[in-house]
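Got a structure here, written out as structure tokens. Questions coming.
Just so it is clear, A, B and C label the chains in written order, and each chain counts residues from 1 on its own.
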Amino acid sequence: MGRFAARRIAQGLLVVLGVTIVVFVVTRLVGDPVDVLLPLEATAEQRAEFEHRLGFDRPIPVQFVDYLEDLARLDFGESFWQHRPVMEIVLEHLPRTFTLVIPAMLLMVVLAVPLGVLAALRPGGFLDRVTVVLSLIGLSIPQFWLGLLLILVFAVELKLLPPLGGGSPKHMVLPVLTLALPAVGRLAMIVRSSMIEELNQQYVKMALAKGIPYARVVGVHALRNAAIPALTLSGWEFIRALAGYSVIVEFVFQWPGVGFLAMQSIERQDLFLLQGIVFVVAVMVVVVNVIVDILYKAIDPRIKLA
Amino acid sequence: MRTQERVRARRRRELLGGRPYEMLRALRSALDELWGDKVGLFGLLVVVGLVLVAVLAPVLAPHDPTAGALGDRLRPPAWAEGGSARFLLGTDEQGRDILSRIIYGTRVTLLVGGSVVLLAGTFGTLAGLVAGYKGGRWDSVIMRIVDTQVAFPGLLLALVILAVVQPSVTSVIAVLALNGWMVYARMTRGVVLSVKEMPYVDAAEIVGCRPRRVVLRHILPNLASPLLTLAVLEFARIILAEAALSFLGLGIQPPQASWGLMVSQGKNYLFSAWWLVTFPGLAIALTVLGVNLLASWLRVAADPQEREKRFAAATSQRATQGTV
Amino acid sequence: MSVARTDGRVPPGGRLLEVEDLHVKFFTRRGVAHAVRGVSFRIDAGETLGLVGESGSGKSVTALALMGLIRLPGRITAGDVRWKGRSLLGPGGERLLAGIRGREIAIVFQDPMTSLNPLFTVGFQIGEVLRHHLGIGRDQARRRAIELLEMVGIAFPEQRAQQYPHEFSGGMRQRMLIAMALACEPELLIADEPTTALDVTIQAQILELLAELQRRLGIAVLLISHDLGVVAQVCHRIAVMYAGHIVETGAAEEVFSRPGHPYTEGLLRSTPRLDRVESRLQGIDGSPPDLIHPPPGCPFHPRCRLADERCPAEMPPLEDHDGREVACWHAFGRRVGEEAGAGTSHG
């Protein structure tokens, strides 16, 4: 177990390192950070002073080492925009993103798994075809459009829910739905196809031959095996929701989470804040991956931890 | 009746023989399959339609997508009050015709989708081939890179990169390709590894076939159909990704027409001019749906076992209804 | 949740299973495959019947049909299966089967590698059938599972019960599947090609195990195999299947020493023997028939050296020749209708 943990931590560090290197390269080398950060009218002296203050006039390798050192201390400097430590701002916004992502993922599982299982019980049947159609539609709809449509229908036409912003559970409903529905489509398809495959396996025939009732064979024997690919996909969905779709959804609904913060910092060209956000999100992604791996091991005894 | 047809077809094949006829027959049976499966047909029609519309855009579009008269701004679709037949789907905030912009938007969609799939697919497949076939060090290193990059927060990084590097068609394609090659590498490597296990590859190597020949004749045919299916699926995903980037303002830039960009420009008028957001979004959804359906049909058509299962499923329906 | 046994145990010699004119069809894309055509046989308590035939002869399908495990695209289209006198295919049959499967009739399948769920321990899977049918608690089930593992010759059963299927070899898994089958003390054990997927040395062990268990527990066994050698070791009686029909039945020794059907004869001739040195193995010419478009009349006639014009015209019925049943117009190498040394003739 120790070896496994050490390996996974090493892998995780590699990922985070990789991400931060990319960000560094992109921000320092490809663009000129000073151009990005300073207003256009700045004089040459102001530029020089600025560069020196922030260390942008030093050779790149030196900057990189400094950057890594700062990283290790989790010091991302101060946000240009809000004049507060970057970490503080990011950690303030992070829980709000989880407030959307976690219920969305729960909703995804609660809807997709029963749908997928029921569809698999009678492939080609009515419920199966409906499930497949709905799932395909769900996963083909662009998330931002879905959000806008939901706002149009529920907030404007029906005036049931508030369109934008955060603050109350009512505000959560539409963003969570927007995050969840395409994921439901994708997960339901995977659950359905895994279940169909498992139900064709020999161990299912054997369990039925033992006299085990069909419901138990489906729900205990087959479902557990089908859970493995479903778990893989659920992990991906969580990560994509956290590190990608949250940006879109929070942007559409103006929900003050990390994704919205990222868009704002892009708009305001706040490099340091962006770096901080990317770092924190990368770490979250690594953590989720590790948790998924642990869950794998809990389900599948064939997996060797090494 | 069908048996007679098959017997006749078989005799024809025996007479003509040869590779071209085999391929024709394969194509013919694929077409038959497609017709039988209307859903797959819809998918193919969508893709073909996309290409046709993109190519024929100047002919099909009633107006210039970038030109709009302010006097015509925010006209509703033709069937609504205040709409006119001149602008079938209405106009945007600059008076430009929505329908024309959607038509021209197919070009962007096709260009970005196709380029990314080509770039990422080629690079990823090569990487997977090398990793799978050479194994050892190569495999370790390549797969390590793949695993690491897969764990990157893709969209977020794309945003950061595009924010710094000015967004344009080229940069969007580059970023999406950089983010998308890993899945091809993994799949290809998987296929190569499983084919390598097969005795006939061993036999080929023992006989003295050079690695390149082994790859070309034995591995690639097995790779063709899963790769095609994957490419189509990725195409769908890239369409959505480009739309999202354009929506966020970091993708295609105005005055070019991208569907995602149109939705973004339209969202400020969501409450007053719903058509600005609805039609471009519908275009995206229908296109992606069609492409996904095509991918789904490809997967079934390429794998004979899947076809049998499909048939069994359909028969089970008829059997339980007592018509068999 | 246990279901009561149907009518209690049947005494030795009593009629356990009766299959009458069973037909099973598979509806595939290429056509309708008539896999089992009018199969009839019986099994009495404590006796062993061997069902022999090549791949595609319908023997496995018959076994699945007995237990009501035929799934689409296959269907039982005619006939009856009676267990202790009660019909399993008629109304109420499914309810009966629910209590019978795993409890009064148990089955061991061909491939031990895939018959066990990889995610649960062996002890759990054996205990599951005990808990379902006998309603006993988890601890008691675990203890009984360990006993069963010991009975089939697994060493260190307490540890083994906690392990997962992938940690065992094919032979050990097959033993475990046998243990699982015998858990509720069934009266009939169906073994479908139990040794085909195993090495020859392990085959012998498994067969010995089956024979010993059969003697000790007095269970009836339906042993299905394409291998005559396997069947010879364990079975009292034999039924030979070809293309969905039963073409011969009789006591094992008699069938082996004096086969009545040309197919049986061919099978015997093509089996390598240790006690006789032969220069060449003799196969049976031709190949098994297409079940979707079978030959008319007797399905074996294209490959039969005795075939004449009657054979493609009419399917010979299974006729009794003094305790031996043969479905052939030329049973025992003679034309039906001639005087035969050991059998009665039919017109």
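The working rule: a contact is a pair of C-beta atoms (placed from the backbone, for glycine too) under 8 Å apart; a residue touches a chain by one contact, two chains touch by 3 or more.
What you see is a predicted model, and the numbers here were worked out from it, not measured in a lab.
On a CA-centroid basis, which chain has its centre farthest from chain B's?
Ranked by distance of C-alpha centres from chain B, the top chain is C.
Using only alpha carbons, which chain's centroid is the nearest to the whole structure's centroid?
Centroid comparison flags B as closest.
Ranking chain pairs by contacts, what comes out on top?
A-B
Rounded to a whole Å, what is the gap between the Cα centroids of chain A and chain B?
Centre-to-centre distance between chain A and chain B: 23 Å.
Just how far, in Å, is the C-alpha centre of chain C from the one of chain A?
54
Hey, how far is the Cα centre of chain B from the one of chain C, in Å?
Whole-Å distance between the two chain centres: 51.
Which chain B residues touch at least two other chains?
316
Which bits of chain B are touching chain A when the two form their complex?
Where chain B meets chain A, its residues are 144, 147-149, 151-157, 159-161, 163-165, 236, 240, 243-244, 247-248, 250, 260, 263-264, 267, 270-271, 274, 277-278, 281, 284-286, 288-289, 292-293, 296, 309-310, 313-314, 316-317.
Can you list the chain A residues touching chain C in their complex?
201-203, 205-213, 221, 224-225, 299-302
Quick check on the complex: what are the chain A residues that touch chain B?
These residues of chain A touch chain B: 11-12, 14-15, 18-19, 22-23, 26-27, 30-31, 36, 122-125, 136-137, 139-145, 148-149, 151-152, 156, 196, 239-240, 242-245, 247-248, 251-252, 262-263, 266, 269, 274, 277-278, 281-282, 285-286, 289.
So in the complex, which bits of chain C are touching chain A?
67, 69, 98-103, 106-107, 109, 111, 114-120, 128-129, 132-133, 164, 166, 177, 180
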